[in-house]
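Only one structure is covered here, and it is reproduced in the block below.
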Amino acid sequence: MLSPEEYLDSLRQLNPKVFLFGEEVREVVDHPVIRPSINSVAKTYELAHEPEYEELMTAVSSISGKQVNRFTHLHQGTHDLINKIKAQRLMGQKTASCFQRCVGWDAFNAVDSITWEMDEALGTDYHHRFRHYLRWVQEEDLVVDGAMTDPKGDRSLRPSQQSDPDMYLRIVERKEDGIVVKGAKAHQTGALCSHEILAMPTMAMGEQEKDYAVCFAIPSDSEGLVYIYGRQPNDTRKLEEGDLDVGNCKFGGHETLIIFDNVFVPNERIFMCGEHEFSGILVERFAGYHRQSYGGCKVGVGDVLIGAAAQIAEYNGVQKASHIKDKLIEMVHLNETIYACGIACSSQGIPTGSGTYLIDMLLANVCKQNVTRFPYEIARLAEDLAGGLMVTLPSEKDLSHPEAGKYIRKYLQGVAHVSTEDRMRIFRLLENITTGLAAVGYRTESMHGAGSPQAQRIMISRQADLEAKKELARQLAGISYDER
Amino acid sequence: MLSPEEYLDSLRQLNPKVFLFGEEVREVVDHPVIRPSINSVAKTYELAHEPEYEELMTAVSSISGKQVNRFTHLHQGTHDLINKIKAQRLMGQKTASCFQRCVGWDAFNAVDSITWEMDEALGTDYHHRFRHYLRWVQEEDLVVDGAMTDPKGDRSLRPSQQSDPDMYLRIVERKEDGIVVKGAKAHQTGALCSHEILAMPTMAMGEQEKDYAVCFAIPSDSEGLVYIYGRQPNDTRKLEEGDLDVGNCKFGGHETLIIFDNVFVPNERIFMCGEHEFSGILVERFAGYHRQSYGGCKVGVGDVLIGAAAQIAEYNGVQKASHIKDKLIEMVHLNETIYACGIACSSQGIPTGSGTYLIDMLLANVCKQNVTRFPYEIARLAEDLAGGLMVTLPSEKDLSHPEAGKYIRKYLQGVAHVSTEDRMRIFRLLENITTGLAAVGYRTESMHGAGSPQAQRIMISRQADLEAKKELARQLAGISYDER
Amino acid sequence: MLSPEEYLDSLRQLNPKVFLFGEEVREVVDHPVIRPSINSVAKTYELAHEPEYEELMTAVSSISGKQVNRFTHLHQGTHDLINKIKAQRLMGQKTASCFQRCVGWDAFNAVDSITWEMDEALGTDYHHRFRHYLRWVQEEDLVVDGAMTDPKGDRSLRPSQQSDPDMYLRIVERKEDGIVVKGAKAHQTGALCSHEILAMPTMAMGEQEKDYAVCFAIPSDSEGLVYIYGRQPNDTRKLEEGDLDVGNCKFGGHETLIIFDNVFVPNERIFMCGEHEFSGILVERFAGYHRQSYGGCKVGVGDVLIGAAAQIAEYNGVQKASHIKDKLIEMVHLNETIYACGIACSSQGIPTGSGTYLIDMLLANVCKQNVTRFPYEIARLAEDLAGGLMVTLPSEKDLSHPEAGKYIRKYLQGVAHVSTEDRMRIFRLLENITTGLAAVGYRTESMHGAGSPQAQRIMISRQADLEAKKELARQLAGISYDER
Amino acid sequence: MLSPEEYLDSLRQLNPKVFLFGEEVREVVDHPVIRPSINSVAKTYELAHEPEYEELMTAVSSISGKQVNRFTHLHQGTHDLINKIKAQRLMGQKTASCFQRCVGWDAFNAVDSITWEMDEALGTDYHHRFRHYLRWVQEEDLVVDGAMTDPKGDRSLRPSQQSDPDMYLRIVERKEDGIVVKGAKAHQTGALCSHEILAMPTMAMGEQEKDYAVCFAIPSDSEGLVYIYGRQPNDTRKLEEGDLDVGNCKFGGHETLIIFDNVFVPNERIFMCGEHEFSGILVERFAGYHRQSYGGCKVGVGDVLIGAAAQIAEYNGVQKASHIKDKLIEMVHLNETIYACGIACSSQGIPTGSGTYLIDMLLANVCKQNVTRFPYEIARLAEDLAGGLMVTLPSEKDLSHPEAGKYIRKYLQGVAHVSTEDRMRIFRLLENITTGLAAVGYRTESMHGAGSPQAQRIMISRQADLEAKKELARQLAGISYDER
């Protein structure tokens, strides 16, 4: 397992083509806008070496029998699924950001069982290929971007109906030694922190959409890959002097639009190639794992937000007011409800054919559905506790100005024993999570990551078994089945 | 393990003193108002004999090594805690009622570990006594009413401050061979379905309230016990001819006010006698188990309610409308969120000193807090799907009347292939759960059973560890600990 | 204007055909199950004679220039629309029930402007006929049941597609002096308190459904009319001795299924006869007025429920707990939000062609949509404040029993200075509104009266003018209109 | 009435001392960070000259009889109060920002009646002074910052208990011709768009806090005044090239911390000077008017947000999906509920002693309480409809880059007939309101402006008249008053 420093070094050896704020960026690792993202991922390396967190952050590989970073592990039982949630909560607590390594992890577990099922059904050899690939990933301790979401163009049209056929990633050429793919993946979380890209189809593809049913892995600096960095609220504060106004100066996350401009993929890196009938279940399974994930990571960020809200209440001198205490309780209650869903869908996991464990799909979707709601309410309550200064606070530069700074220190003092600067730091952390850089992860990603709310509702509907429930009702009402 | 018939017979041998609607009732088991309650409990006996449900409904006793009804079992691991939830959901599905046997079950598990801890701390012999008692309960397959809630009088005053000292159950006399107790327990669920009463204190008692710190078990027809049956919405419909208007004619639940009018308790049946410092933790632990319970039973009733709502939508011909489907999804989502909390607090259980497993207390309280909200919203949505007929439907007698019945059959027909009577049966089942007999269990018990909402909030507050969360926030904000 | 006694006498002179609990009822006015409903309506007569309420409860007729009961008045301005809301809130406060006279009132105002518009467009003479009829209603101070909701059968089929063509009320014969109608109206609130039935179509009818586009008024004891009384939770408690268990022994409401078994309507009583193109707008307008109404009446009932919750908190000794106070504030907040909607849609009313004022339709629908939610939450909070005794309380007969009563008085005492009986009375009132007789009005009617929730959403969608809002967004975003 | 250009010129003649991002700013009006705020205020001048909006945007002064900008008008009836709401909604629609002129307007109306009442009670001459001042404001068509919120320091301590007595603005010297004040006002909305500062006390002051009970007006560039500009999310995007990434490039709002560093106030500009017993009611009344205001302005911003959400749904090609339509309906419903509260509290306004009309205080507080909730839910739904691109979109500079721009145009195309740039513009507008510059106004100001949520709850509690509600309950329950 790599150390954080080794991880950074390994990234430095990559040479991806990246656009950020209208310029081509050369130094990804040390770019001040990108680095906080990389720090978040690096924390997954750091904690894996701390004895205190060893059980959560590492696992014994089912492939090699060696200890590996848990973020590359195939879940071998419900204990692994539960430890996943706990590791994610821990990481959320330590970074207050999206730490980005889950998307590849969830892709590993989904692709693992699906390739097994494809091989079973079709006699293909994808599972062996994939296990070989994953063994290498585990041994090298790599970060892999699980890339699913296509740009989709006009959403009322299917992939094959789009005016531009590239709106969904597709095979544009089949060669003897591999394929050439074209298209893009949007919202790619942690792409620039990754050594590899593991691409998957974005939806169930039909008979006529075989070219879109493609799954493969490539190095993140492959020829033809182009990254365009997404803007986030307050992103340029990271370019300013000082560290206060960013709110969380060390950690962050990012998303990019990845263009696949005729990228070649060698055969041994291909895990689906036209088997459209397996595309839907792959999406469903990946989404299932990722909906579970949010039952851990968002809870960890929630812990920090609750802590910040409690801290600012104390700094403001209102921590004993009953309505303040009650709002903190509500925040905890909502946060733990999400956690309960994450734990529950893990606890009720079942083995797939490949031996890799799958979460309970109904409960994982219920988990994510709550994630599309509760973080917003937790954030609203945090903003309530914060008070208006969260968005009217002067800049750090003002604080540093001899004249303005004097006024700020005098008038923005809260309780007497806490420095104005510390109070400002908590306000900025609150801003960071609720409406700044980390709001991308805590709000929008909670909403749309792993599928937008309606996607979960469709899955809940499918898993709900309403027929059985109707039968229960009829029996108790004294209605015989035949009369139905 | 008794058969349902043997259970009924065993109840028939008891002779409790019962008031119901202003009269002393002699025949408890066959009383038409009480019988549906007993049927619900009898279902715990019936299902225990069905191979399909054996794993959920029975367990191997940790005391005797024999197979016992799970509702008398001490949880030996998280699998037992999870199976508890699943057994409760099953029972809720089969009865759409409170099946009443959990309160004693939760009392067993709470008293077991607390008596162990008392003995450890104080050198008493309560645990051995209790295990001896419980072995007998398991072998005889008894129903035991866990009796906790005192009437409380003026709630702004402590037990010792009440104008009437009997507002909390207390020891009024200590004899060589036992004690005499006086007071009452309110809201006693399933009291008349029980062979035994296991009384516990209702709150943490202080130094000056030792007489109130008392825990013991007595036969349910002990001298001095008086039961006054609580009215429920539509209770007298059970006395009317026909079975339709009741909604769920077979199953129900009930509560009584139990008076302890100077009841003698022999020493071997006493499990706490003045050790006030253990009263609070006993309440907390019992409440914890019971808050977990609702993550199972209410979900099962919810399944029936969702099924009834889906069924009436179909009978009305609107099952394909998108807003109808969406409301059903929401009902399922809320119901499964409760279930997730029930599973999660079980999955994260830990062993106590006595070997009996305890749920995760934070998650159990979060579970119950959601139960004080979601069943109300599920019921509201069910009422939305039902339409107005749920409360404007003519009586079964009207349906049976030659002239009125003709009109009703004609005009209250829904979709053509379903009889008007069947449609009426589903309306009445919906009424039963949302605003009729079972609403006592599905609404009020969800609100106040195992402690009112504020009680959970206090527990959530205690378990939330806000200090640790504040520390996380300060670290990320760059505030050193000492400056706090 | 009649006195309450004169009103009762006038009802006694009617001879409707009524089925209740399987029997034909002769004495409607003095029937213990029906009388509380009639008392509620009688309150509209009583308060009209009290100087304190004269402004709210009476108005000067725009037809005759005489003072009339406001419940028969055509709204002549926004002050009338606002006074309507205030009169309804007052009545809700005084009865804690549906007082049933609004449905006819709302029908008057809707039919008034629609008949005017029909005459304008089609050259018919309906408006004059209607005004003549209404003048008589005002002078005689009558109660008129506005009858709209047809049974509807299979809701996926239109009226003309039903297997039984009578599932919607229709003209089955056209004679020289009138028409013969057949069908039924369901959920007819206050039907047995009414002198007249004013029937309207239930939805927009098409070209092929002209026979269903019919509006007319007939005496409530017309030949061929049959009433079947709807069951309500706890309805038979009104037949028991004593007054305590009913909760609100004086007031109530009721609904009936009204059968029109070939009923003759003379020409001068017909206000629409085949003009299907005006059926939709009549429904919409009536529904609009009735959705406004709930912004008054339900608020009044809410006042009582809040009062009862505050009272029981005091009787329990917990009125100073911060969470109790906070829940009362929330109840008030939700209740007043509904009221604000009622006032707002009234304040923004506009005149129709006939001079009668119409509410703002968007805001009236918003009002009703909130009514489908907030009373449920207010009730939930009331149940929270009440505690479990609301549904476990012994019967009044137990209280009267010499032995049981003694125990009840002792153990169900709350704070020392309030009698147990008074405390029980408040519990029963809370039960009455949340899950008993008045829950039909406060919950189900809030949900489905004046149209189910989805009906308001459709209207909100139609009134929202999203195109204008999109234009605002495009302008601010710097997008030129043509590019749209 | 000034034209927008004249307004800008008048501002240019002022010379306030301003710190922004650590530097002293000289050119306020043309500063790219500040200008959008000024544009929003300028819109109040612009629309006043458009015949279409004359009725809403102007009024006939009750002081001079001349036409004045409505934003300087004293409300002379409920029609004025309602027109206020409508003018505010209009301004919100046109700017999608806080337009900042209301705070002074609300201060005028509050100070007007309070000075009248002070004079009545105490024989002072404040009212005449104030009317004289306001006549001048109206004639000169000035913008006045109503300055209320003190920094407050340790909120568990009263003003006189703070370790620094300046944490609340106070009189530090009394001279013959005036007073000298010291302290600060925080969160001063629109301060730099204002010609004048009208300072008021922030809370009810006690006997020993007379120096804090002070109300006065001074020019905004008075000697000793220092402004420190508050940071907002994405504020520096206004300094970047291009206009796309800002989202709403023309309009905005701002807050500053205003320091009063020993500022002299001449006698004729003082409207309260030690009359502490009137400080609480002044706060209450100002807050009441300002809580009403949010029932207009936030609704207008909501209109834009709903429009943007509807527009992006169309650009994404999903506008026909039933869940999309349903979410738009919900947004409209919530937005109009706020509007209804704004209209209702205006419609129920009453005259004060000075003739100026006051809103209904209960309903105004209910209005604001809803504003602390619904905009958050509307924003959440907008983020749901937007999809993830709102926060992962590349920068405008990337769009302008020859290579990156090509990819962006190709892959971020939505429906075929809309340009990628237009789609990006709507995303950025959505970001602006939900988590960018205007989120300060739409979220935080909705939460804390005019008082934090708990402040409204306290006022609701005071206005609720629970005693009357309890009396209603007792009467209906059959409890005589004396037994209470």
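The first chain written gets the first letter, and so on, giving A, B, C and D; residue counts start at 1 in each chain.
One rule holds in what follows: contacts are C-beta pairs under 8 Å (C-beta built on N, C-alpha and C of every residue); 3 or more make two chains touch, one makes a residue touch a chain.
What you see is a predicted model, and the numbers here were worked out from it, not measured in a lab.
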Inset, instruction - Identify the chain pair with more contacting C-beta pairs: A-C or A-B. - result: A-B
Legend entry - Interface numbering overlap (same over half, different under half) for subunit C and subunit D: same
Legend entry - Rounded Å distance between subunit A and subunit C, as computed from the means of their C-alpha atoms: 51
Inset, instruction - Quick one: report the Å distance separating subunit A from subunit B, using the average Cα coordinate of each chain. - result: 40
Inset, instruction - Indicate the residues of subunit B shared as contacts by at least two other chains. - result: 323, 326, 457
Inset, instruction - Please categorise the chain-chain contact pattern as a line, ring, star, complete graph or other. - result: complete
Legend entry - In the complex, subunit B residues that touch subunit A: 82, 93-96, 243-244, 247-251, 303-308, 310-311, 314, 325-326, 328-329, 332-333, 336-337, 339-348, 362-363, 366-367, 369-370, 418-419, 422, 425-426, 428-429, 457, 460-461, 464, 466, 468-474, 476-479, 483-484
Legend entry - Of all residues in subunit D, those that touch subunit B in their complex: 322-323, 326
Legend entry - subunit A-facing residues of subunit D, complex: 19-23, 149, 151, 153-157, 163-164, 166-167, 183-184, 186-187, 226, 228-234, 236-237, 245, 255-257, 259, 261, 316-318, 320-321, 323, 372-373, 376-377, 380, 383-384, 387-398, 400-401, 403-404, 407-408, 410-416, 431, 435-436, 439-440, 443-445, 447-449, 452-454, 457
